[in-house]
Each structure stands twice: as C-alpha cells, then as structure tokens.
Amino acid sequence: MDEHGITPDWQRESRIGIGEAVYCAGKNAEQIGRILALAGERQQSLLLTKLDARRFAELDAAAHRRLDFDPLSRTAVLDYGLPTAVPARIGIVCAGTSDMAVAVEAQRSLTFHGVSASVIGDVGVAGLWRLLDRLDEIAAWRVVIVVAGMEGALFSVVAGQVPGLVIAVPTSVGYGVAAGGTTALHSALASCAPGVVVVNIDNGFGAACAALKLLRVFASA
Amino acid sequence: MDEHGITPDWQRESRIGIGEAVYCAGKNAEQIGRILALAGERQQSLLLTKLDARRFAELDAAAHRRLDFDPLSRTAVLDYGLPTAVPARIGIVCAGTSDMAVAVEAQRSLTFHGVSASVIGDVGVAGLWRLLDRLDEIAAWRVVIVVAGMEGALFSVVAGQVPGLVIAVPTSVGYGVAAGGTTALHSALASCAPGVVVVNIDNGFGAACAALKLLRVFASA
Amino acid sequence: MDEHGITPDWQRESRIGIGEAVYCAGKNAEQIGRILALAGERQQSLLLTKLDARRFAELDAAAHRRLDFDPLSRTAVLDYGLPTAVPARIGIVCAGTSDMAVAVEAQRSLTFHGVSASVIGDVGVAGLWRLLDRLDEIAAWRVVIVVAGMEGALFSVVAGQVPGLVIAVPTSVGYGVAAGGTTALHSALASCAPGVVVVNIDNGFGAACAALKLLRVFASA
Amino acid sequence: MDEHGITPDWQRESRIGIGEAVYCAGKNAEQIGRILALAGERQQSLLLTKLDARRFAELDAAAHRRLDFDPLSRTAVLDYGLPTAVPARIGIVCAGTSDMAVAVEAQRSLTFHGVSASVIGDVGVAGLWRLLDRLDEIAAWRVVIVVAGMEGALFSVVAGQVPGLVIAVPTSVGYGVAAGGTTALHSALASCAPGVVVVNIDNGFGAACAALKLLRVFASA
Amino acid sequence: MDEHGITPDWQRESRIGIGEAVYCAGKNAEQIGRILALAGERQQSLLLTKLDARRFAELDAAAHRRLDFDPLSRTAVLDYGLPTAVPARIGIVCAGTSDMAVAVEAQRSLTFHGVSASVIGDVGVAGLWRLLDRLDEIAAWRVVIVVAGMEGALFSVVAGQVPGLVIAVPTSVGYGVAAGGTTALHSALASCAPGVVVVNIDNGFGAACAALKLLRVFASA
Amino acid sequence: MDEHGITPDWQRESRIGIGEAVYCAGKNAEQIGRILALAGERQQSLLLTKLDARRFAELDAAAHRRLDFDPLSRTAVLDYGLPTAVPARIGIVCAGTSDMAVAVEAQRSLTFHGVSASVIGDVGVAGLWRLLDRLDEIAAWRVVIVVAGMEGALFSVVAGQVPGLVIAVPTSVGYGVAAGGTTALHSALASCAPGVVVVNIDNGFGAACAALKLLRVFASA
Amino acid sequence: MDEHGITPDWQRESRIGIGEAVYCAGKNAEQIGRILALAGERQQSLLLTKLDARRFAELDAAAHRRLDFDPLSRTAVLDYGLPTAVPARIGIVCAGTSDMAVAVEAQRSLTFHGVSASVIGDVGVAGLWRLLDRLDEIAAWRVVIVVAGMEGALFSVVAGQVPGLVIAVPTSVGYGVAAGGTTALHSALASCAPGVVVVNIDNGFGAACAALKLLRVFASA
Amino acid sequence: MDEHGITPDWQRESRIGIGEAVYCAGKNAEQIGRILALAGERQQSLLLTKLDARRFAELDAAAHRRLDFDPLSRTAVLDYGLPTAVPARIGIVCAGTSDMAVAVEAQRSLTFHGVSASVIGDVGVAGLWRLLDRLDEIAAWRVVIVVAGMEGALFSVVAGQVPGLVIAVPTSVGYGVAAGGTTALHSALASCAPGVVVVNIDNGFGAACAALKLLRVFASA
C-alpha cells in the first residue's frame, strides 16, 4: 500500500495468468493518475476499463501522452512493451451495431494479452441468414464470445450450432423491459442450449479474461 | 347479478366476438358450480380455464357429466352445441414438451370457438434444424402462436423468418432466473424482430382470443 | 457486412413484410451516418426510431438535408420514394397528452409503410365520457393501437368494448410506482378483457409493425 | 403483558376508534387460544383476520363454540355483545367472483363495528355495462371500497365517475405478472383518477378500518 | 378535443368534486401552453403539478405573468378567481426537511380548492419527543396527511395515536434501499396500525384530493 | 473432511468466539445425523438452527434422545456440557406475537453461549404506550435485539430512544408487500435513527452472534 | 416428431459435443416415459435432470429397472453403454453440505460423458483454512466448478487464487435475501476476480456441459 | 420548530450518545443555511453528510468560511469545539480504491465524535495476500468497519477470520448486476460467517454511529 492506500495486485499475472487491470468507474482522476504513476515506476503495462471520455479528459498530459485511449469501448492501454497479438481460434460475435462497444472492449482486452480476435458484427437473429452465412467460420473457434443486448436470443442460437464454448456477454442495449441489460442476462443464464456460460452485463473484459485463462491452462498440458 | 353476486357478461360475444369464459383459479367449487348452473339455465356453452384437477374433482356429479375436462391444459368445456372447428391458417409452435400444456390451452380455446389449429412441438432453438424443417408450413399461417419458456429465444427466431403475426405466449417453464416465466416474457417484449406481440405468462387462452378477434374483424371486410 | 461490421437486413421486407428500420439509441453519429450512406447507395428508404434531438444534431449536413425528423416522436424518415398512405381501418387511441410522443411514433411508422391512421387523444378513463363519445368510431377499426402510461386502465376498457384487436403500448409516463412504465405494462398483460396483446414499453414502432403484418397476411387471402 | 408475553392493546378503541383485532397468520393455535382467553376474561369482543380453515380446526372446542367463523373471508368473530349494524352510505364494489373473499373480509369488519354495507359483485371493466348499470347506487355512497385483482382497472373507472372516496383494495387474484397482487396494487397507486387511496394487497380489514375512522371523526363535528 | 388532440375534463368538478389539474411531467412547453390557452378561453382556474423550474422557464411571457409558481413544490396556479381558503380540521405532518416539497404540494392543492391546512415539520421518529409535543394538535384533525421518506416509520406511529384518518404520502427521499421511495411506500402499506391509507410516492396532490372528496361528501349529509 | 465430504469448522470458537453451528435447511436427515455423529465423537456441544419439525422427526432415536428441540424457534441443542447462562445487559424486544419464533431463536442462541436474555414481547408501535412503559428497562441494555416484521417501524422508534446498540432482525411476518420480510428489512436499513445495524430476515441466530462477539471483544479490554 | 409431438435432438452430440439430455421438471410421467421409449428404440443412453423422487416414483417398472436414479442430485441415467470415466484435470469445489446436491449433479453429468471429477466439500470462506488446505490440489485443475449458495463469496476467493477457469454455479441454498439463489448468482457475476463465468442457479448440469465442450475443442488441436 | 418548520433534535446526544447530523441530499441551499444558522446560535458543532460539491458551492460565504468540507466523502464539519480524536481499537477496511469515499465518510464521522480510526485500503479478495498481510492488525480491533462494493466477498472473509464485530458497509460501486449496491448489500446480509451486521448502502456514517454507541455503552460498565 502506498501512502494513498493503493495496493495494486502486481502478483496477479503470475498467480492466475491475468494481469492487474484498472476499473476506472468510481475512481477520480487523481486516483487513476496515482495508479498510472505506480505502474510507471515499475515499467508495468496496464489495461484501463470503463474509462469514459470525460474522465479521460481530466487526466494530466503525461497520462494523455502514454495512454492509447479508445472512446467507443472506454478502454485505454498503458504500453511498456506488450506481446504481439496472434490468433488463437477465439472470436467475437456481436448482435447489433449498438453492442459493438462491448465487443471491442473484449477484443482490446484480448489484444492487450497477446491474442488477436476478429469480430463478426450485426448477426442478430431477426435476420437469421446473416448468422447462418458465417456459421462455418464460427464453428472453427474454440471459444466464441457472443455479445448481445435486447432479448439475447443470439446466445442460444449460436450455442446450439457450434462446438466451441459460448461465453455470453449481455449488454445494456435496449429500452423498456430490456433497459439495463437484465433481460439479455437472464436470457443467457436460462438458455435452452447446454453449456452456455455468462459474465456480467457489458463485461467484455471479463469474457476476454476467461478466454485467456483457458488458453493458458490448456496450453500447459 | 344473481343472489350470489355473480353477473356473467353474456353479451360479450355480440360485443367483441369472444364469449364469456370462466377463470377458475381463485374460485371455489361452489362458485364454479353456480356459474355452470346459470349457463345451464340459458343452454349457454362455456369454456373454463385454469381449472386444476383437484378443483375439478370437487365439482358435483352433474358438472362431471357435462364437462369435457383436460387435465394437461386445465381447461374444461361445457357444450350446449358448439360450432365444428375448421382450419383458418392459424397455428401453434411450441418450444419444448414442458410447454405443451399451455399450447393445448390455446388449441382448445380455438376449437371451442370453431377454429382448428395444429401444434408443432419440440422445436426449441437449441436444435435449430427442427424449426427450419417446419418453416415452410409455419410461413403459410396468418397468425403464429409461439409458446416458449426458459429464455424464449424461439419468439425472435420465428418472427424474423415468417410473415404471419407472432403472438408470443411465454410460459413459466424453467428454474433459477427463468422461474415463473419472467425471463421468457421479457425476451418476447424486447425481441429484436419487429412486430412480435405478447400476452401474459401461460396465457394460451388470451393468445387464442386475439387470433379469434382477428379472424372476425378481417372477415367482416 | 461492410468494412465497419454493419450488415443491414435488406431482405427483411420480402421475408416478413416489414422493412429494415434503424434503432438509434446506443448508436453514435458515425454509425448512423454509415447506415444512411449504405441506404443511399441502394436508394433505399429507411425509418429511424429512438433518435433524440441531440444525436440528430450530431449528424452531418447531408443527413439533415435528406431526413424528415420529428423531435416529439424521435423518428426520422429517409425517403427515396415512399408509398402514399391510405386508410386501412387501423387507428390509435391515446390516454393523455404525455403519451402523444409514442402515439405519433406508431402513426409515423404506419405512414412510412403506406397506411394512414388517425390518433384520438386525451381519452383517459378518469373522464370516461371522453372515450364513450368516440366509441362508435373506434368500434369500426380492425386494429386499435392503445397508448397509455400510468395505470393503463384504458387498455381493458377499450378492449372490453370494441371488436378490433387491441395492441397495447404501455408508456413510461408517470412517477413513483409508475416510473418507467412497468405498471402500465403489467396492467396490459394482466387485463381482464380477453385478447389484448402487448408490445414493449414506449414501442409505438412495434405496434405499428404488428398491424402492418396483419394487413399484409390477411390481404393475401 | 401476560406470562406468555402477550399484551393486547385494549385501549386502542378509545384512542383511535378501532378495537384491537387479531392477525392470525403466523400465530399458532396455542397463541390464538391464549388471546381468546384474555379476551374472555374481560368479556371483550374480538375480530380475527387471516384465520385459515386449517388453523381454525386446530383451536379447541371452547373456541369453536364461541367463534362465528367464515372460511371464505378467513375471519372469525368473538361476540360478547356487538352493536347492531346499520347502514352508513358506505359500500363495497368487487371486480370478479374471485375477489369476493376480500370483499367479505371488509364487509364483516364493518359489521363487527356496527356498520352494514352491501357488496356489488362482478362488475369488472371487461363488461363495462355491468358497472354503468349500478353507477347511481354507487354515486350515493360517501366511501366506496373497491376490491379488484388482475390489472385493477376498476379503481380508476369508479373513481373517475363518483364523488365518494375510493379506497382501493388490490387482491392477489391473477397469475403471471398479476400473481401476488402487485400489478393491481401499482395500478391503484398510479391511477389517473385523482384522490384514490390504497391499502395493502388483500387488506379488506384495513379498508374497513379507514372507513370506520371517517365515520367517527366526521360524526364528531 | 381541440385540433391538438387535447380534451380537458372540464366536467370533472361537477362529477367528483375535484377540478381538472395538469400533470406537467412528460408534457413539453408547447402542450402546457395550449392547455393554459384553453383554460384562459373559459376563464377557468387551473392547478399545475410536477412542473419543474426548467420547464416553467420555457413557458411564454403570458404564462409567466398569469401563473403563481412555487419551485419547491413544483406547482403553479392559474387563478381566475379562487375561493378563500378556510380551515377544515385537516393538517399535514412532515417527517423531515427534505420531505417539505411534497408537503407543500399537498398544502397548495388544498388551498387551491379553498381549504387552508397547516404543516407540522421535522417530527421524524428518531426524536420522538418532537412528535409527542404536537400530538394534541394532530389528534384534533379529521384527516392527517403524513409525509415521510426513508423508512416511513412516522405513518404507523401517528396512525396508532390519533383518531383522524391517516393518508400516507411516501416520498422519494433517501438513498440505498430507500432510493425512489419504495421502502417508505411499502412501510405505509404494511403498517401495523389499522386504517392507514396510501397514495403514490411523492403524490401530495393526490392526498389533498382524497381529503377534499371527504369534506365534500361528508358535508352533503 | 470426513468420507462424506463434511468438514466442520471446529476451530471457529477459538478464532472468532462463536462456535460452529449447523444450518439445517437444505440438509437431509442423513447429513444432519452425520454431523451429530462427528460432534459426538469429540463430545462437542452444537447448536442447530432452521430445523423444522418434519426434518427433526426424520432423525434417528439417538438424535432425538440427545437433542433439546424447540419447534417454535426451530432450534435444537446438543449438550455436552454448556456454560450456565448469566445476564449481560443484552435483551430482546419483539413487535408482535407472530415474531416470537425469531426472538426465541435469538434467545436460545445466546443461552447456548452462556448469556441469558429476557424477551419483551408485543410492543409494536400501533399501541405506543406498551413500548413507552418498558423504555427504562430497555435503556439499561448495552445491546438491544429488536425483532419485527410488517413495516418494522419499531426499529427506528427504539433506536431513537435508547443508548444501546440496536440490532434489527426483520421477520418474514406479513402479507402483500410485507410478504417475505423485505419491507421490514428495508425499513431497518433506511432507518432515520442513526446507528441501527441489521441482519438477514428471520436471522435471530446472527443477531445473537453479533452480541456475543461484542461481549467477548469488549471484555478483553 | 413422433405422434406425441416429441422431437429429441439426437444430432446434438455430433454438432456440439454434448448429447441430448432430458429436463424433467414440468414434464409429466407419461411424457418422460415416451422419451425413454424413443431412446430405447435407438439404444441411446440418456441423462435425466431435475427429476424429483415423486416424479421418478410415477414412472413405470421398465423405467425403474433401466434407470440409475440418484435422489440427492435428482438425476437419472439410462445406460445403453457409456464410456468409462477418466480424470481430466477438472474438479468441483462446494461451499457447504447443503450445496452438495448441485455439486453431485455436475459430477454425474461429467461421469455420464466419460469424465471423472472429484468434489471437495465444505470449504466455505467462513473458515478460510479449509480452502487454503486444499489450494494446491485445486490449482492443478484446468476447470474449477465452484458450487455455492448464500452470499457466494467462495467464487471470488477461489478465482483470485488459482489459474484454472472458474465456472460458478450459484445455488438456491439460503433464506431471507438469499432465498432462491439470486444473491449468490449476482455475487458470481459481479466478482472482483477477473474471468469468472457463471451458469444459472442450481445448474450443475450446465457447468459440466461447459467443461465438456472445453475438453473436446481443446483436444481437437 | 423555528418559523421555517425546522426542529433539530439537539437532545439526541444526551439521549443516545450521537449528536444530530444533517443529511443534505434533498435539502436545498436555503434549508441547509438555515440549519447552520440555528446551530450557530447555539454554538453547536454539526456534521453534514451527503453534501455534494455542487450544493456546497451554493451555500453562502459564511458557510464556506466555517465549514471543513471534504468533496471525496461529501462530508462537512461545523466546528464549535470538537474533542481531540483518540484511537479506540476501531478500524476500517476497504475493498478497492473506488470504495474509499464511503470509508472516509465513516472515518470523518468517527473523528467528529472523538475517535481516530485508520483505513486499510485495497484489500479486495481477488488478491487475498493483501488482506492476509494485514490480518494481525485487524484482529486486534474490537469493531471492524468493512467497506466493499461489487460482490462484497470481503465481508465474509474478514468476519470469518477476526474476533471483532464486522459492520458491513456495502457500496454502490459496480455495474450491471452490481449497480446501485444491492448485490453487495445482499452478500453482507446472507454472509455465511456468523455475526456480520449491516448498514444501508454507502452509509459510512451509520456504521460509525453504531461503533460510537458501542464505545459509549461498554464504557459505562
């Protein structure tokens, strides 16, 4: 713990294979700045999530210079030497354009850890042919991160068609009963397709972490 | 109002095209018996819904003799001359065997009013081929009553594929977050497929009534 | 899918009779602009929904020039030749002035697809005479889109009086227990009047789509 | 407090005009028996509410002899001299036969305190003519206790038509979204008709108490 | 209905004793202005509720000139000759300073209809002596409007102590589990004190309307 | 872990001052029997909670012989030498007779650990004099366990009047909005009286444990 | 579809690697019997889940003879030649004895598909030493199925300590706010440990399916 | 009550040992200013809570001069002579940097009443070593205020390891299912560790008050 009461878990990567990341919602600019400074002292790369454009603007010039910030996904990367990203038979499927922000959060989280993954967008079930057209590609993946809001029917349809593990990421896209993402979340959890696993609403980062853990533990055969 | 405070709405059929029906949950055997007697005095056919086997058993011998009771759908028919049921390009699609009770409630409600409708069962999206095999048949219907519990993905998939009006009937089939049917209900309401309309959880009767209203008003061109 | 991962479902109209529409909430100006460009390339008319005034203002000049934007209903129309709207015995009933925005969303969605529909406003049940005065007019419609917030008593009263199919559109108008529209939604679903069907809160577009599907499938007798 | 830790509030009547009543749900037969004994020692009449038939059966012979038990409304009266019930321009309106149990709870609570009130049943809004037929009678009452489950549209319709105070008693009658009575409750609270007041779900006793307080304080002009 | 689809219920006062009032949340300035104009044509006084300062500022100069606006209670009065307010043994009790806005909404609604009522503030149960000090005064009222947020314990304590009818107005004051007012609402509905009646969260206007109906119907003995 | 996968935390008492207890809901008779056997082998006294009469009846004769079972509070004690219970300025206040089961669970949990505590029952705020009569006694306690269901107003009233720490135990007593205890729970959490702390619904055992921890850590001055 | 409307998805195993299983809740004995018959015709092994003892007892003698039924986990196996189960570095961790039923459902689902997995029970965080004692063993697994009810703290603690993928199975064990399992579910979804994935409440079968999919797709390198 | 209807409970400290504090959410600047003036007249120190920076800025110059305002914790102190803060074996443990605002609210509330308490930050269970490193320090405290958002696993882990009373303060930190703090709240209430007590979401002040009550009543042995 430094004098501001901040204790990053720098040992996390060696313990569980995922590096410390900084959840920025609920932290003020001063707190985020201090964490960046601690990382800087160690030359430690860092991933920042849920960093909205307004909070990013409040950070100081040094932070702006060092961070690779993406406003759509609200992620930023502090890069002190990151691995080159290579494919790993992991991919992302995204129901609608409104869900793309969360899909990109997952994609950038994977990239940060050395895994490149493509995103197949706009394949919501209202026009099923769009998904069926891409099914062979998706069926080749070992892990399929499916990002969907509204009623989340895509989770079940994909999981019933392909052998890879479906990690469902419900999004807060929608209104009325879908507002906030609970309908998509429950839809994923109650899926009639066996073996769907689920992360929190809008948690593209968490889905990426699960995929990364899998790569690591199955590589260490 | 008779002396027991019961006032059936015998004028309903002439007004809106759907006859009075008796919702039996929350009524005791004496109250149901009295309504049957009132109908008997008028030689009026009646549909009884949500009549469980235990309550049916408590009714008297006269009721048992006159009623055609189906325990699966918890419906009973008091028949003082009903129209012969004929097809009308209306059909019922049912996600799983557990949803069949509600599908049959819809089917029997249609039959009571002179419309025969077939039920296509066990076409949940976990095995999409089962639905795709039947799609041509379903696409010929003007009204498609879709009955599904759990995550209700079937509503969106059907509605995105066929031109008929999809009336979604969410069911209370499921456990955990799906218990009670709220997940399927919200899934139907938040569907990404345009034009899905929804009735209350387990309300096969209501879906049938909507279909019947359509037949009548569109016939009266 | 274009290079931005956008795949409009241009085949939707031929498949289900409703054209692709653009749900604008959750899309940024760049994404909406790109969809407009794709439509422009095909000379394809488009309906945009849930487009608030601030997002509309962020669109570029070309979009402003081509779009017919209505701030009350948050809809915009991209017109590359639309059918003339004609009456079809479909109408809209609206409980209060606060619900008018959603009623107009339904009306403009119908107009876009070639159906003109009048709106009868301010007939909430607190002053029942206002509704009873218009009942003959409403009873002539085949489909009645009823738009109401707060406690949504209007759904049941209309549905019990007229033969047309009532499509209930609950609105988010209200405060306290009515905030967000759940009370009106549940009121519609639990209606004691048989055959009411329901769409998501504030979903005037969805109600219109259901009506349009009906016109098309019953026309194709 | 007696040696069993029971302290009836015998002073309640003089303080607020309503006598102590015994809420029997959650009390075992021994506890109810002890309260009856305490009342017997004082020759104190008592009203028991939410006393189901099974619990009543567990009470001892002395209790069975002294109590006037009504299984429909789950009320019992211990009578050590009650006032003769007289009319007071208070009445009860009840949406459906399934709501009658709660309406009778209100009626018997009034009778216990010396007020006779009639119940008008089966006037749900699905068949509006039934209510309109009785409107003159209802308009003469100073307090109208309206009992309704499902979507509770009756609360708003009555309150918009008559000058008396509407006390809404939502009931737990219904299924799906109406299960448990929350939809009717919220409908009453969000009523577009001004001045509706509401009590807890199934609380016919509470509505009667409110009416009784009004009679007493307005009599003491 | 005028050409803007607005149909005020001018007959309401003669029917139920409460004049038409304008619920301003969800109406834009143009709609409110039109209603004011319709009232002006008839020289009809009007009460406006839930009119926040920003919406008020958007109204035109004529409206600003004619309206008596109170930003705390978000009410405005259009006065074409109102009755002088006189006391009627009705009063308002308010738990904390944060609840005062809703208490004043009730007070101004009463004044508009010719009834003056005093407000006793800051008598929350955390310091019970403050309430006990004022109990004699409150016990003289026939109707006691109790306004409280957070846990709403004040409803039960007052109702257990005084003979007048307690109309509970739960407020949205509070945070955490109390946010939005549901805790206070449920507390009022579940009160262990018999005869408490309840209106919607923050609905000071509704409580006043109920009191006014009582005055009128009990005066017409 | 024994061969049945059961690993009691026998070290708990030395670590935190509270012995291992057995939560019996969700355990079958075989599992409970095995835990009793493990305790018997060590001559270890045990407290069993949430043990309903039916499950107790399923235990074997040896268990019946050794256990002191109380059906009201659903607790049982396996006694291999327990400390004599002595007073410690801790007491229990209980709103109504229906809440007594939970109050006794707290009392027996204290007794098991060597602390005797009296229960003051039936002091709900509907009749405030009952509480005020006992206030001096309660004000002498250092910890006041307050047990209440329904609206839970008692928590705030007691906490505003006495210096001891109020541990609120909301109960599931009530119906309608109070069903299940959430209203009382939220009432306790949102209390306007500062310093109220809360345990789970019906968790008399937990309240006792908190009190016991306090006695121990403050004794070790 | 056979003549009873039943269409098992026999192709599922070849498509996604998990065989058809029968969810028995909501199916009557006749329906389950018919499915067993269909499987028998094909000599197809089947796993039955959520089959409670009462429903099992209603099945016919042939079913009783062929099924290996486990009442604790409510699973049954129809065995027409199953693979020998072998270890695969997958294991199950279980918080308390009450959670064991769900843990065994996961274990038997794995066994059915040829994977043996051990269960480490009773390692809830209230006694952290029990978990820490077993940490080396758990850290060797590639997939860790963690089963916990109540507050579900175990999910985060395990996931923060070991490299394997944690699949959280929240259970319905608990009372008050934990009743039904929602608290444990939300705890898993909101975990501060990165990469936890979650299945529905009590869905041990689903967790096993996810693990099986992983084994299969990562084996097919 | 002064002429603005404000009645501070100046007697609270003598009655329950905690001075009157001012909850500023929902109060406007004028109301807060008036309370400060009343305190100034009595030379009474005051603690203000939930005072956000915008409201603070609206106060007048006199208030700005006298108040010690902390924007992170949204607290301000009006100091007319406060006791020197001394340690009392009470401490605060905080899961993450985002929870620090609430931890500091607790700390400053203690300081105001003469108790100094240190805060141990950033010890969330995702990196358990951080907590274990500080366990000896925490085990020496008599009261441990634990502040955590998201899934709140820290409450159970700490409570299972140390003898002091754990007062859980759930925070609104988190998103998706954790938004608003309900998940952390329920996690605390459902803790498997015995004796955890809980205050409202974000209520650091309330936790401090409970600790202060304990110090006072246990000192008065």
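Read from first to last, the chains carry the letters A, B, C, D, E, F, G and H; within each, the first residue is number 1.
Everything that follows uses one rule, which is that contacts are C-beta pairs under 8 Å (C-beta built on N, C-alpha and C of every residue); 3 or more make two chains touch, one makes a residue touch a chain.
A quick note: this is a predicted structure, and the numbers were derived from the prediction, not measured.
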Using the contact definition given at the top, which chains are in touch with both chain A and chain F? G, H
If chain centres are mean C-alpha positions, then the most distant from chain G is chain E
Among C-D, B-G or A-C, where does the E-F interface recur, judging by over half of the contact pairs matching in residue number? C-D
Tell me whether chain C and chain D, two copies of the same sequence, contact each other through the same residue numbers or different ones, using over half shared as the line for same. same
In terms of C-beta pairs in contact, which of B-G and A-B ranks higher? A-B
Report, in whole Å, the distance between the mean C-alpha point of chain C and the mean C-alpha point of chain H. 49
How many Å are there between the centre of chain G and the centre of chain H, using C-alpha atoms for each centre? 43
The distance between the C-alpha centres of chain B and chain C, rounded to whole Å, is 27
How far is the middle of chain B from the middle of chain H, if each middle is the mean of its Cα atoms, in Å? 55
Give me the residue numbers in chain F that touch at least two other chains, ranges are fine. 12, 15, 96, 126-127, 159-161, 176-178, 182, 185, 189-190, 193-194, 200-201
Applying that definition of touch, give me each pair of chains that meets it. A-B, A-C, A-G, A-H, B-C, B-D, B-G, C-D, C-E, D-E, D-F, E-F, E-H, F-G, F-H, G-H
So, in the complex, the side of chain D touching chain E is made of residues 12, 15-18, 21, 142-143, 159-165, 167, 185, 189-190, 193-201, 205-207, 209-210, 212-214, 216-218
Complex contacts: residues of chain H adjacent to chain G: 95-96, 124-128, 150-153, 155-157, 159-161, 174, 176-178, 182-194
Over in the complex, which chain C residues touch chain A? Could you list them? 1, 5-9, 11-12, 15, 23, 25-28, 31, 35, 50, 172, 180-182, 185, 200-203
Considering the complex alone, what residue numbers of chain B touch chain G? 72, 94, 96-100, 119-123, 126-127, 129-130, 149, 173, 175-179
